[in-house]
Amino acid sequence: MSKDLTLVIAIVILTALVAIFFISFVAYRKTPMPKGCENLKMDQEKCASCSNESCMFHKKEESEDNK
Amino acid sequence: MNIFVAFVLAIISSMLMDNVVLSRFYGICPFLGVSRKVNSSLGMGVAVVFVIMLATLICWPFYTYILVPAGIPFMDTVAYILVIASLVQLTGLFIKKYSPSLYKSLGIYLPLITTNCAVLGVAQGNTDQGLSFLDSIANGLGTSIGFLLIIVTFSCIRTRLETANTPKAFKGLPIALITAAIMAIALVGLQGLFSGIKL
Amino acid sequence: MANAKHYIFVSITLGSIAAASALLIGGANYLTREKITQNEINSINKGIVAIFGQSAGIIEQKEIANDSYKYVTYYYAVSKEGSDENIGVAYRTTGSNMYGKISLLVGFNLSNEFVSISVISDEQTYAQTLTDNYIVPVQDGTRDYNDVSCGATYGAKLIRDMINDASKANEAQIWKD
Amino acid sequence: MKREKGYTKKNFLKGIINENPLFVSILGTCPALATTKTLEAAIGMGILFTVVLICSSALVSLLRKVISEEIRTPAYIVIIATFVTIVKMFTNAFLPDLYSTLGVFISLIVVNCIVLGRAEAYASKNNVFDSFIDALGMGVGYTLALLSMAFFREFLGTGAFAFGNIFTFIPLVKVQIIPKEYVMSIFQNPAGAFIVFGLILAVLAFIKNRKEEYKAYLARQEKIRKAEEAKKAALATAANKEEGGNK
């Protein structure tokens, strides 16, 4: 197989994967929360050992602090 | 040698003797972060089992039948992380839509799993080590069940430790880490448990 | 309308990021590929030196695809540097078990006696126990094949099989045809 | 934006001391436990990690106006994974021994919380230079933390410091300090990693507690001194009054 063709295939595969991820990402966000799950928390505990900013708990706790 | 026995032995050894957290060091962050309450650790563990199994079932064929024939096996890490991230989102989507009760118990742990090393570590390890598909499944199953087992056990110990009289400097994480060390020593003792079986 | 525009912009951004990443990775692969193959050859040469001593080198190599020896993949004839005199043969064996892939060089001298082994590549997860408990004793001359415990049962059986396979291949002199 | 003086220096130093990713934020623990068997492996891991962190932070900050809010996570994941793959290939080509020692942990930099966390928390909001300095500080801080763990593990576990096994371009040096019969090989095992990490965290917590206690002690002393001064002043005024009365 020629070098250029391999690169084209690589681009196609990667773009397809990113597209799948993006679509599922948007779809997950747009799906409404089921009833009764609006205020789910991890048993009122804080993730003390993790300050991962991308984590959803992190943001929740911060916004609560702001209030 | 019976394939079934080998399969079970592979599961047991990647579950206990070469435990994912205590001897391979994957997934330490959730191991320390989500192990304060037994309920949360159970939810996290079950979610990890689910995602690791799905990732193993998808990533290995993806590597063998798409990436290698296309001549781009070097793109494995990028492909795996994207597959895992999509899987997490899709799983979340499905249980959000169709099973609110499941979402109630697992939903909040799912977004955490994208950055869990255990999932990527298992997917990457399966192909890096050149395992067969059956061995990959055994590895995935053993690893994930081992994670569930250890995180639940550890959270039980930690709830007891909260009330124990530990020195002030050791309160919280340090004593938890020392506990993990003792658990690791205990699991080392199991090595060669079934050495009577001739492979 | 604005929504559609926004989505087009977003997809173009993501698509170009993905394409750029694929190009970058492809370029890096193109730059490093030759070096990686060279490294592999170097590690085989190093293994030959580790088995047969300084100034040993490969004078002839042959790929072996014989179904009755499932681990043996390559045959190497070894000589002292600067002379054509053969001082031994080595076999490259590759196999995998439930812990992963491993690749060994097994060396024999001219009177078909086992000399030593040397590890070329080792993708096994728990390689440390294997190296300490099995590979080092074999290199030191122990050849009673006691299995070591590794995981739930034996991990070292693969190495024993690979050495036996190479030994059998050497006795049959499969490289002659 | 107007920046205060010495911001760059502060920005660099915060990653090393006040916000050390490993010892203060407890992030990136997986490679910290797995690759600290020897000093050399720790240095290698630290350098690779720093390179990935700097590259991805700089690029994310460069593209921060193009990447809109909703495609952040996918874009960041792709960028980080790309740099990790490139770093992995170059390691495999030029430092094959480091590559085989670290193994799958090079790929696992992708899911290291520090890289994604820095991209989201800092690089997506600040300019390229600041992000670069921030990433450099975090990387150096993480490397130093790894080195301090590897120091204890290698020293207690093997009793020696060996260089040249992984970085083959430097000559092989091995300094045996503790005789081989007296080493505690548990520190080379997984359990030893947990013990060393736990003890380091305990020592840091102890120092922090001591500092707080000392501050509280100083505050108490200050209070007592003030109270005594007030008392003295009251006594002096009372004495003055008495004197005045006697006259």
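Should a chain be cited, it is by its letter among A, B, C and D, assigned in written order, with residues numbered from 1 in that chain.
By our rule, contacts are C-beta pairs under 8 Å (C-beta built on N, C-alpha and C of every residue); 3 or more make two chains touch, one makes a residue touch a chain.
What you see is a predicted model, and the numbers here were worked out from it, not measured in a lab.
Novice: Whose C-alpha centre lies nearest the centre of all protein C-alpha atoms?
Specialist: Centre-most chain by C-alpha means: B.
Novice: Quick check: more C-beta contact pairs in A-B or B-C?
Specialist: Contact tally favours A-B.
Novice: CA centre of chain A versus CA centre of chain B: separation in Å?
Specialist: 19
Novice: So how far apart, in whole Å, are chain B and chain D when each is placed at the average of its C-alpha atoms?
Specialist: Comparing mean C-alpha positions, chain D is 26 Å from chain B.
Novice: Taking the mean of the C-alpha atoms as each chain's centre, how many Å separate chain C from chain D?
Specialist: Measuring from centre to centre gives 37 Å for this pair.
Novice: Where in chain A do residues touch two or more of the other chains?
Specialist: 6, 10, 13-14, 17-18, 21-22, 25, 49-50, 52, 54 - these are the residues of chain A that touch more than one other chain.
Novice: Scan chain C for residues touching two or more other chains and write them down.
Specialist: Within chain C, the residues that touch at least two other chains are 14, 17-18, 21-22, 25-26, 29, 123.
Novice: Could you list the positions in chain B whose residues touch two or more of the other chains?
Specialist: Expected reply: 24, 29, 32, 72, 74-75, 78, 82, 85, 115, 125, 128, 172-173.
Novice: Mind listing the chain A positions that touch chain C in their complex?
Specialist: 3, 6-7, 10-11, 13-15, 17-19, 22
Novice: Considering only the defined contacts, which chain D positions touch chain B in the complex?
Specialist: Residues of chain D touching chain B: 26-27, 29-31, 33-34, 73-74, 77-78, 81-82, 84-85, 88-89, 103-104, 107-108, 110-113, 116, 186, 189-195, 197-199, 201-203, 205-206, 209.
Novice: Within the complex, which stretch of chain C touches chain B?
Specialist: 21-22, 25-26, 29, 96, 98-101, 123-126, 147-154, 157
Novice: Applying the document's contact rule, which stretches of chain A touch chain B when the two form their complex?
Specialist: Counting only chain A, the residues touching chain B are 1, 6, 9-10, 13-14, 17-18, 20-21, 24-25, 27-28, 31, 33-37, 40-43, 45, 47-50, 52, 54-57.
Novice: Per the contact definition, I'd like the list of chain A residues that touch chain D in the complex.
Specialist: On the chain A side, the touching residues are 14, 18, 21-22, 25-26, 29, 49-54.
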